[in-house]
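Look for chain A in each of the two complexes below; its partner is chain B in the first and chain C in the second.
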Partner chain A sequence: MESIMVVDDDDSIRCLYEQVLTDEGYEVVLAGSGLEAVKIFKKEKPDIVILDIRMPGMDGIELLGKVLDMDRKIPVIINSAYSMYKNNFLTWMADAYIIKSSDLTELKVKIRELLDTRKK
Partner chain B sequence: MEPKAERLITILPKLKTIIFAVDIDLKIQFQNEAICEELGIESCNFAGEDIWNVLPPHIIQKYNIVPAIKTVFESSNDLEIHNIIYSDSPFNNPTVMDIEIKRIAQEKPLVLLLIKDATQKARKGEELLLLFELSYLMQETKDLDKLSYLILTAVTAGHAFGFNRAFLLLVDEGKKFLKGRMGLGPTSNEEARDIWSQVSQKSLKELLLTFNKLSSKKELPLFPLVEKLTYKMDSAPESIKTSIEQKKVVKAKREKIETKDNTIFDTLGVDEFIIIPLVSNERTFGIILADNIFNRAPITGENFEELNIFANSASLAIDGVMEYRRLENRKRELEEYQKLISRLKDKFRFSEKLSTLSETVAYIAHEIRIPLSNIGGFASGILRKPDDMERVRKNAGIIADETKRLERLLTRAITFVKGPEIRLTLENINDVIIDIIESMANDFHEKDIAVTKSLDTNLPLLPIDRDRIKQAFLNILRNAIHSTKKGDEITIKTLEENDTIKITFNDTGGGIQKEILNNIFNPFFSTRKRGLGLGLTITQKIINAHGGFIKVESEKGKGTTFNVFLPEKKNNKKSEQDKQEKTSQIDE
Partner chain C sequence: MENILVMILSGGKGERLYPLTRDRAKPAVPFGGIYRIIDFTLSNCVNSGLRKIYLLTQYKSLSLERHIRLGWASIFKPQIKEFIATLPAQQRVTLNWYKGTADAVFQNIYSIQQERPNLILILSGDHIYKMDYRNMIRFHIKKKADITVGTVKVPIDEISRFGIVELNNDGGIVDFKEKPHQNNEQIKKNYTLASMGVYIFNTDVLVKETVEDAKRDSSHDFGKDIIPRMIPRKRVFGYIFDRDYWRDIGTIDAYWDTSMDLISPLPLLNLYEKNWPIFSFKPQLPPAKITLDVASQKSEIVNSIVSPGCIISGGYIKKSILSYNVHIQSNASVEESVLMNNVHIQKGCRVRRAIIDKGITLTEGTSIGYDKKDDKKNYFVSAKGIVVIPKTRVRGEKYV
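This part shows the complex of A and B:
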């Protein structure tokens, strides 16, 4: 089963993504902070990572760098409520940048697309 | 017959010195021979004549010549009488004399009267004095037109240089043109007579005052002619070029052969004029042209030297004024810049406000987005599996929580936009504080923070909105808890200070950095992720609405102190006028 790591400091969002992505048939691992994410990433070796940017402590951009250090080929989706971080070129290292919405279709499509590309 | 005495003096300039030998009875014994020749008298012998018949009696009386002669006879010391002014008519220039009285040894006691012509010497002295006076006046004048008028007056005034007309021409800023700036003098013979009769009676200062009556130099009668006196620097008449290049006074004379240079003589209507260069810092920046169009007096070289001295002084003055003007212009430019800057500042402040507003909107939009997308997401989750009761319960709970979050956000946003409404009742501030500490007991306990109260029990009751003040203090304490670690301390103090109650919240937490300290009351400024950044903004608004104010002191690593000052009577503090205004805005 393909596994997805969701990193977000908002409890509700983590809970929501777990539900939705489990329904989609993925194994979901959750992290509430950047530090936690680094630990879990090493242990669980997920197939794809979904990152929030604004988090206390290590923010999503810093975490993105750490994740890519550990696995250069891991697909990463940035999922933020803000669009302004698109201007930060560090976010360009991610494979996709999706604005948070109650409609998770775009996110689900992007996850599928990135995982399929990776298989090839 | 013309009195001998009068005629004698008229020949004085030719002879330079007239000598008489006078005895003790004031009878002339002999005289120098040249006198007779000049006077054209055949029998040239004044011997035996009384001195009263030879020298004008009013001069003898006025200058005490007889007592002087007596003194020399008695004391044998020589005497000199200077600056004896003799004038035969008010229309002629006076003759100035010096008389030397010397005792000579003869068997019969005699004195010699040496009468010397001092007219030139006196005129030189007078001119120097005038030059000095002019220089002084010129240095004082800061207006270029006035200064020009002054200089040209000096050149044309009879008691200065006495030219009929004078023109001032200045080199323009681009150094390409020599432009006529001002002309002074009559335009016709009749006018000339009028002006000169006035001039002879007026002092230089009085003449200058007449210029103040003119509203513009364009009113001067010679203005139309002045406008014609403009030349390109490289094609100006040779005489002018020479004067400019060699920086010396030049006399220009009409050439017999017709050349293009003769047009200036036609323009001025004269056959000769004088060019006086105005030089400063080795550069000729203008010239003065002067002529004698009306009395046609020839221009002689006799006062070129004085003209030069005068020109130097005039140059200094003009240059000074131009420098002054440049400075004034520079000053005006600077003032313009300053105005521009303050306009830009205003604009900037406005756009800053706009950007705060758009930031506010963006922030609220974002704050709404998360709970909204959560609600939508969990609702969809229920719709996908409506039979999974456990999930339905869980999701519904989250949806309810997120809805509350939205409501809170809305309340706070509205409070922020509208400002707090306050309803005052008389309260004991200490009770309010005790209340808050109790309601926050859990928060303190969680972080293991010790709270110390130091409350003044003699405080008067305060007119406050209890709930609002609670909210304000709550925000301060939440902030304090946020910045403290486990085991830190928070102290709350109340005391009375000049009709004001001071409430101090002190924590031993991490303190606030300076840059952040400046921003803590700004809306939407937050160091926390999950904060609206409105807490302290609202606190400040509430305190201000009570006519009070907040002072914050903080040191990184040592903690923070919030001092809240509340007036004992609302709106009775003048020094808080600024805040009062804000208050009234909020109250609307």
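This part shows the complex of A and C:
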């Protein structure tokens, strides 16, 4: 089963994503902070990472660098409520940047697309 | 002028320039008496009005960093957002050493983000040439290019040493091959265009391309990976550098040849052009002094460069470069050689076709460059037969 790591400091978002993505047939691992995510990433070695940007302590941009350092080829989706970080070159290191929405279709489509590309 | 950031790749190991690179990074190797190799590229930047400069360093960068601090930092004004700074493989984005030229840029996306320039000029820290980058920048803007590669004419029999570029009539690059073998079609021509390792990128294109490259299995090199992949899908142009002097100091022989280019009466590389000064760190030293040797009634220097602090008390010096504080005693002869700072040549020594690194003392009667067998036994000798005596590891150590 393909596994997804969701990193977000918001409990309700983690809960929602876990439910929706489990229903889609993925194994979901959760991290509530950047530091936690680094530990879990090393242990769980997920197939794809979805991360929030604004988090207390280590933010999503710093985490992105650390994740790529552990695995340069891991697909990463930035999932933020803000579009302003799109201009930040550091976010360009991610494979996609998706604005948070109550409709998760775009996110789900992107996850599938990136996982399929990776398989090739 | 556009908001332009310069990134100078200064992290190569310089293995083919060993032993001059035993204790220092290649761009920090002394050159031309009072300069270091990096001074030529940096002077090009300053003379072209480019004053936001990052040097990407990693191997043995201490002497390079010291040189930048002492010789260069003070001519940049941070008050008006000018700077020169070194970026060692600094673990800002990842924890790795730079794996290639493109990876060095990728690992410094943080610094690019801090500056957010429109254009980024990528240069090598180990080339000797005088170039006004503004002409190439204007060309880049006029062509609405995504990337412009600086090219220079090289003789056809040397193509296997360079990245070879083929242009269409509009200046667009149609083919780029890294160190190719000659083919029959090429042999018919007299020269071809080689990449100088000088690139202007639109910043967004550079970031996208290096990020994409970072996620691939590749050698993470601009010449081998990034540019060939960009040719079919981006606006890739080649700018032809119109002055013909450009040298990549890759090997000991290239270092020696380039040094010799400085000293002929009409030098290929002229250090005396007033409108293109070459800046460097200049220590406070007394003028060079040449005295008459009482015994031989002679002290002869021809076609040579003599730097401040030198004392020539007799002897014969021909086609040589003497850096700071070199002492030559009576009856010594030095020909076609490069002597770096604080080299002392005692009475009766004979030196020919040699590079002597900092601080070496040749004791009375030593002969170098006259007996191939003997030289090979005692010193490093290059393919062309240039003898290199590396820096001493012990202060005051003498060669006999």
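Simple rule for what comes next: the second predicted complex is superposed on the first by the 120 of 120 C-alpha atoms of A that agree within 3 Å, B and C clash if a C-alpha of one lies under 4 Å from a C-alpha of the other, contacts with A are read in each partner's own complex, and residues count from 1 in each chain.
One rule holds in what follows: a contact is a pair of C-beta atoms (placed from the backbone, for glycine too) under 8 Å apart; a residue touches a chain by one contact, two chains touch by 3 or more.
The structure presented is a predicted model; accordingly, all values stated were derived computationally and were not measured.
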Following the overlay on chain A, give me a clash-or-fit verdict for chain B and chain C.
-> fit
Which partner does A:9 contact after superposing on A: first (chain B), second (chain C), both, neither?
-> first
Touching partner for A:73 - first (chain B), second (chain C), both, neither | second
More chain A residues in contact [chain B versus chain C] = B
So, A:117: does it touch chain B (first), chain C (second), both, or neither?
-> neither
Consider the C-alpha centres of chain B and chain C from the C-alpha centre of chain A, and write down the angle between them to the nearest 10 degrees.
-> 60
Does the superposition put A:65 against chain B (first), chain C (second), both, or neither?
-> second
What is the contact status of A:88 with respect to chain B (first) and chain C (second): first, second, both, or neither?
-> second
Using the superposition on chain A described above, determine whether A:101 touches chain B (first), chain C (second), both, or neither.
-> first
Superposition-derived minimum Cα distance between chain C and chain B (Å) = 20
On chain A, what residues does chain B touch that chain C touches as well?
-> none
Contact footprint of chain A on chain B as seen in their complex | 366, 369-381, 384-385, 391, 394-395, 398, 401-402, 528-529
Residues of chain A that touch chain B when the two form their complex | 9-10, 12-13, 15-16, 19-20, 23, 54-56, 81-82, 100-104
In the complex formed with chain C, which residues of chain A make contact?
-> 65, 68-69, 72-73, 88-90, 92-93
Per the touch rule, the chain C residues reaching chain A in their complex are 92-96, 109-110, 112-113, 116, 203, 207-208, 211, 214-215
